[in-house]
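You will see two complexes here that share chain A, one where it goes with chain B and one where it goes with chain C.
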Partner chain A sequence: MNRTLKDKATNFSFILPALIIFAFFYIYPFFYSFILSLTNYTMIGDFSFKESFVGLTNFKDIASDGDWWKSMYNGAFITFWALSFQNILALMLALSVCRIVRMNKFYRVVFFILPVLSEIVIGLLLRRLMLSEPAGRDVLNHIVNNLGLGFLAQDWISGERVRLITALVHCWKGFGWAFVIFLAGLSGIPEQLYEAARIDGANAWQSFRKITLPLLMPVITLIMIITIIGTMSAFGMILALNQGAGGETTVPIMMIYNHLGSDLAGLACAEGLVLGMVLVIVSFTMFFISKKVRKKYGVLPD
Partner chain B sequence: MKIISKICLISFIGLTLTSCKPKESKENKLVIWHWMADRKDIFTELAEKYTQEVGLKVEFKLFFPPNIYAQKVISAARAKSLPDIFGILGERKTLSSFIKAGYILDLSSYMKEDIDGQEKSKIRWKDSFYPQTLQTVTFNENNTYGVNAGIYGVPIDTALMQFVYNKDLFKKAGLDPEKSPETLDQFIAFAKIIEENSSATGFICGWGESWLLNVLATEWAMNSMGEAKFLKTIEGDIPYTDPDWIKVFSIFAKLKDSGILASNIATITNKEAEAAFAQGKAAFSFNGSWSVNVYEQLSEELNYAFFSLPKVSSEYPMKIWGGAGSSLMIDANSSKKDQAVKFLQWLSTKEQQEFLAKKTNNLPAIKNADAGLSPILKSLLGNLKNLTHPDVWPKNEDPRIIEIRNRGLQQIIMGLKTPEEVAEKIQKKKEKVSGK
Partner chain C sequence: MAFYQTKKIVTLIILHTFLLSIALSCIFPFFWMVNASFKSNVEFNSDYGLKPASSILLDNYKEVIIKSGFWRYFLNSVIYTFTTVILIVFISSLAAYSFSRLQFPGKNVIFYMFLAAMMVPLPAGFVPVYVMLQQLGLLNRTGYVLAMSNMGLSISIYLLKTFFDQLPRELEDTARIDGCSKLQTWWHVGMPLVTPALGVVVIFNALNVWNEFVLASLIFADKKFMPLQAALLQFSGEQVTEHTLVMAALTVTSLPIIILYIFMQKQFVKGITAGTMVG
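Our next item is the complex of A and B:
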């Protein structure tokens, strides 16, 4: 008995440092944020829960705040494009690069350059290309006009399609991550399965549908969860690109950041928690859907 | 191997613990935190001068950009590690929170002391400042913030917001460069004439930074309905759906419809607007007195002048947004409080203020220190009597209302919302926030 306890204590001591760090940097801030979300504390001066307690007022305000839900919609819109366009593009490129033997590494590096660059750098760079005269040089419109694609010329920064343009810029910046993870997932699929399928007379589409897709499902789930969390938390690039375009591209983190700077720390914490809860629910839903799909294809045992 | 592991562990713990709190310097020096990147060298020069004259070392520490600086000050206050002197960025509510938390020294008693005035005469410290400038760091009796009455900071310069116009573009369009527009209609007409006669845009401003919209809306609101009615709106006695407010929001719709606004104006930063105006790409802009320094650095040839906001009504006076540009506060818990006060008193003397104003191209915080000012800055001094600022109002608008108002104005400019829709949205929020 003593021996078992000692073993358990030894085992526990190995994870203790990580647990302490996790508790200090994640669990404590989470609970502290929850406590702050119940107050109107401004982050200045000594914190008195009793004096600053406002109950669920901040959460009620969020529930009825149209601008907050619009920012969630904006985030969801960009996420939808990231989930569909960005990830499909990444998968297609990963499938192509996976089959290319020559210059394989070169493509990996090229496609991974953008994610490595700072969000702010990408935002500012594209702003310089897109901003119209007199503040900018209208570079992008000049390019499309010179290419004979004048019908595409438009107000890229604050026009009617600003939300879509922001989403596409986000996809352009982010597809490299998904590409690298897809590539890693594809290289983990045994080549023998494809050979067996070929012998059985399966064509490329059948191989993709019956082998690649089911075996890639854990990777797809991972990428989808990362995409959702990453896109809903996007902020720097959008701020640099168009400053939120009068609320048209304002995303939740922008609202939280603004409220923190306006002495509304309690409200900002409540918003952070609401966003966090939404992301947790979406992530778990994605996880369960993926589990069901894998079960359906027989990749996961019942 | 065991010894190495132990050394590593002890070093790790030691480093972690020692890095938690910055070491306090035992050296007798004043530490000042600021965010004014453009004045870094000038402050250093002043610090060296003070050390030579008084023998006390002064160190100015720059933290940039301003939002990072603001967060640093809040964190330092919570960690009780504020420097001897610092500035606060933010609204009056932020300043009042610092005061109530006991972080800022009340300078009222020190302000009664005499400092060097003109030609070796003495003047009471308080009397040396422009009253409008000092007001921004003063809390009166029974203020709505619940702060004890007192003076809690030392302004180091004065700032105000005005319209600017490009005189060369005026000439090119056949307009009299010495005659600026007086009404909104005249302003729009002039901008259109300039657009027709040059490749320049009528008006540019950094409205992507919504505080500039807030300033403009406030000034036009005060001109349109008077200061008293404006303040009653903040109190919640007048709704934002009042016809006078709709009229104010409609000004922005009118500007949009007139076609004189620069493309992407709702997302342009102030820096971008300043650069475009300095390059002669726009006839008009709206900016602060600090822009004199900016324009000088961007273009030496720029021929421009300031003018008051175009009036929308002749019934009420046109107020000008302004007051203290930057102010410095003293840490109430500093062991060098008296030395810090002495330094700020020295900084407020005519000689140092003239030096600061001349070198930084800003208006001084004290009276009679305009000797070295450029003519364009001197032209602004006459406007000091018409200043207004949230720091001197009895009550400030809730930041959530300001946020929604600014965003609403951006939406009007982008053609996404009508003035009526914006007014209704703000009022709804106002009712929710105030619980009425």
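Our next item is the complex of A and C:
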């Protein structure tokens, strides 16, 4: 009896360090943010729930805050482009790389450079490419003009199309990551299926539509969910690129970061909870939709 | 026959044009960055940094690394990355070994807790962590490293646990019969066997810390403790007109990673996609 108790204690001690860090930096903050979101605590002095309690004021403020909903719209806009343009581009690239033999490795290496680098590096690099001081010496406009694409020349980081440009930069940074996952998914599809289809007289589009797409559905779902969560929780690139362009490209997580930077801890927590809830709901919906689709395609039994 | 030959060649040309144009868009900014970092500001302003540098001028690097203190930020980044990764490797492999091999009450509940933490998105998780660190008086390097160790912990435990599960237990049985304690078995038998998975864990977490800036710019008010990303953001804000200096700073931050990536391409891809493949 004593021996097994000591045994269990030893076994438990193996996970103790992980559990302590996890409790301190995940579980406690998780519940703490619910408490904080009900207060107007501004990081001055010790936290006292009684004195700073304001009920649901923060949530009411958020609901009627036009800037917040605008930032939600901006985030949704960028996410929409990431879901469609970025992922379709990635799938097209993955399908192309599968069909060629030469330079296969080169493309794989090059496409993944951007996901390896930090958002700050990418954002700052493109900022310098798009904007120049002294004014009127923008490198990108110079390049565009010299390529005979002068109609594209514009104010890239604060002009009227800044939201679209930011979304495209986001896609550009992220497509390599989706490309790699698509590639892994494609290599999991057995070659015999394509051969059988060819013998049956299917053309390239038919075999894509009837074999590749249905069998890729789980991968597509995964990529979509991660794209949504990843896009909505990333803002470093935008911060470095155009600092929100006066509200035009401000995303929710950036507002939270800015509010926390000005010590509005209570409000920032409430906003974080709202955003978290939205993301959970969206990703669960996505999951169920994809399950329905997969059933329709007959990939998923019952 | 000739028709099919031409059709095939045309398809290949179209595919390669498509792939090459995208690939070029990925590489071009970095050539421009490195090229411009060798130029004087005067030269940069006359040719937009597009022509090859007339001479390899290292003044920008001297200025950035020594005068602007990037040697310190680089060192900070290395220290934070190194300590965080070491911490995660030890803590997560101990926990993973225990989850896979040892019995104790509440094991499944605790394991599912880690799993849930991995699945539930907490986009603004940095907010309560920051407030908590401030109250504990941990707005310093220790607090930063500890908070960062938690970020990759769940995924690392999961990866290592699944890897341990696939390994045969015979070697460990032999070790036990030879009189090894559990701790010794973990260290001498378990750890060498999971090296492939450890590689993924190391790269995943190292890149995470190296590229992190949110907590870093919140926690470190004093510039001299900042890691590269946070310092870079500030530096670029200060140097509005000195493009070539910023290019040198960007090169110092990103080139080591690009070179490492090119040499260890497979491990990097595995490391970065590890977090996503779990789901």
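Please note the rule applied: the second predicted complex is superposed on the first by the 269 of 302 C-alpha atoms of A that agree within 3 Å, B and C clash if a C-alpha of one lies under 4 Å from a C-alpha of the other, contacts with A are read in each partner's own complex, and residues count from 1 in each chain.
The rule is short, and it goes like this: a contact is a pair of C-beta atoms (placed from the backbone, for glycine too) under 8 Å apart; a residue touches a chain by one contact, two chains touch by 3 or more.
These numbers come from a predicted model, not from an experiment.
Asks: Clash or fit: chain B against chain C, after overlaying the two structures on chain A?
Replies: clash
Asks: Between chain B (first) and chain C (second), which does A:S96 come into contact with in this model arrangement: first, second, both, or neither?
Replies: Second partner only.
Asks: Regarding the shared-chain residue A:E191, is it in contact with chain B (first), chain C (second), both, or neither?
Replies: After superposition on chain A, A:E191 lies in contact with neither partner.
Asks: For A:D46, is the partner it touches chain B (first), chain C (second), both, or none of the two (neither)?
Replies: both
Asks: Is A:G136 in contact with chain B, with chain C, with both, or with neither (first, second, both, neither)?
Replies: Touch partner of A:G136: chain B, not chain C.
Asks: Is A:D61 touching anything from chain B or chain C once the two structures are fitted on A? First, second, both or neither.
Replies: first
Asks: After superposition on the shared chain, which partner residues are touched by A:D200: those of chain B (first), chain C (second), both, or neither?
Replies: Neither: A:D200 stays clear of chain B and chain C.
Asks: More chain A residues touched by chain B or by chain C?
Replies: C
Asks: For A:G261, decide between first (touching chain B), second (touching chain C), both and neither.
Replies: In the superposition, A:G261 touches chain B and chain C alike.
Asks: For A:K8, decide between first (touching chain B), second (touching chain C), both and neither.
Replies: Second partner only.
Asks: Considering only the stretches 24-32, 42-50, 60-68 or 96-104 of chain B, report the one that runs into chain C.
Replies: Clashing stretch of chain B against chain C: 60-68.
Asks: Could you give the residue numbers on chain A that contact chain B in one complex and chain C in the other?
Replies: 43, 46, 132-134, 261.
Asks: List the residues on chain A that touch chain C in their complex, please.
Replies: 8, 10-12, 14-15, 17-19, 21-22, 24-30, 32-33, 36, 41, 43, 46-47, 89, 92-93, 96-97, 99-100, 103, 106-121, 124-129, 132-134, 137, 139, 142-143, 172, 176-177, 180-181, 184, 222, 225-226, 229, 232-233, 236, 239-240, 252-253, 256-257, 260-261, 265, 268-269, 271-273, 275-276, 279-280, 283
Asks: Residues of chain A touching chain B in their complex?
Replies: 42-46, 61, 64, 66-67, 131-136, 155, 157-158, 242-243, 245-248, 250, 258-259, 261-264, 267
Asks: Taking the complex as given, what residues does chain B use to touch chain A?
Replies: Going by the criterion above, the answer is residues 67, 70, 74, 77-78, 90-91, 93-94, 97-98, 100-103, 200-201, 204, 208-209, 262-269, 272-273, 275-276, 279, 281-282, 399-400, 402-404, 407, 410-411, 413-414, 416, 425, 432.
Asks: Spell out the part of chain C that touches chain A in their complex, as residue ranges.
Replies: Going by the criterion above, the answer is residues 11-12, 15-16, 18-19, 22-23, 25-27, 29-30, 32-33, 45, 48-50, 90-92, 94-95, 97-99, 102-105, 110, 113-114, 117, 120-132, 134-135, 146-147, 149-150, 153-154, 157, 182, 186, 207, 210-211, 213-214, 218, 229, 232-233, 236, 240-241, 243, 246-247, 250, 253-254, 257-258, 261-262, 265, 268-269, 272-273, 276-277, 279.
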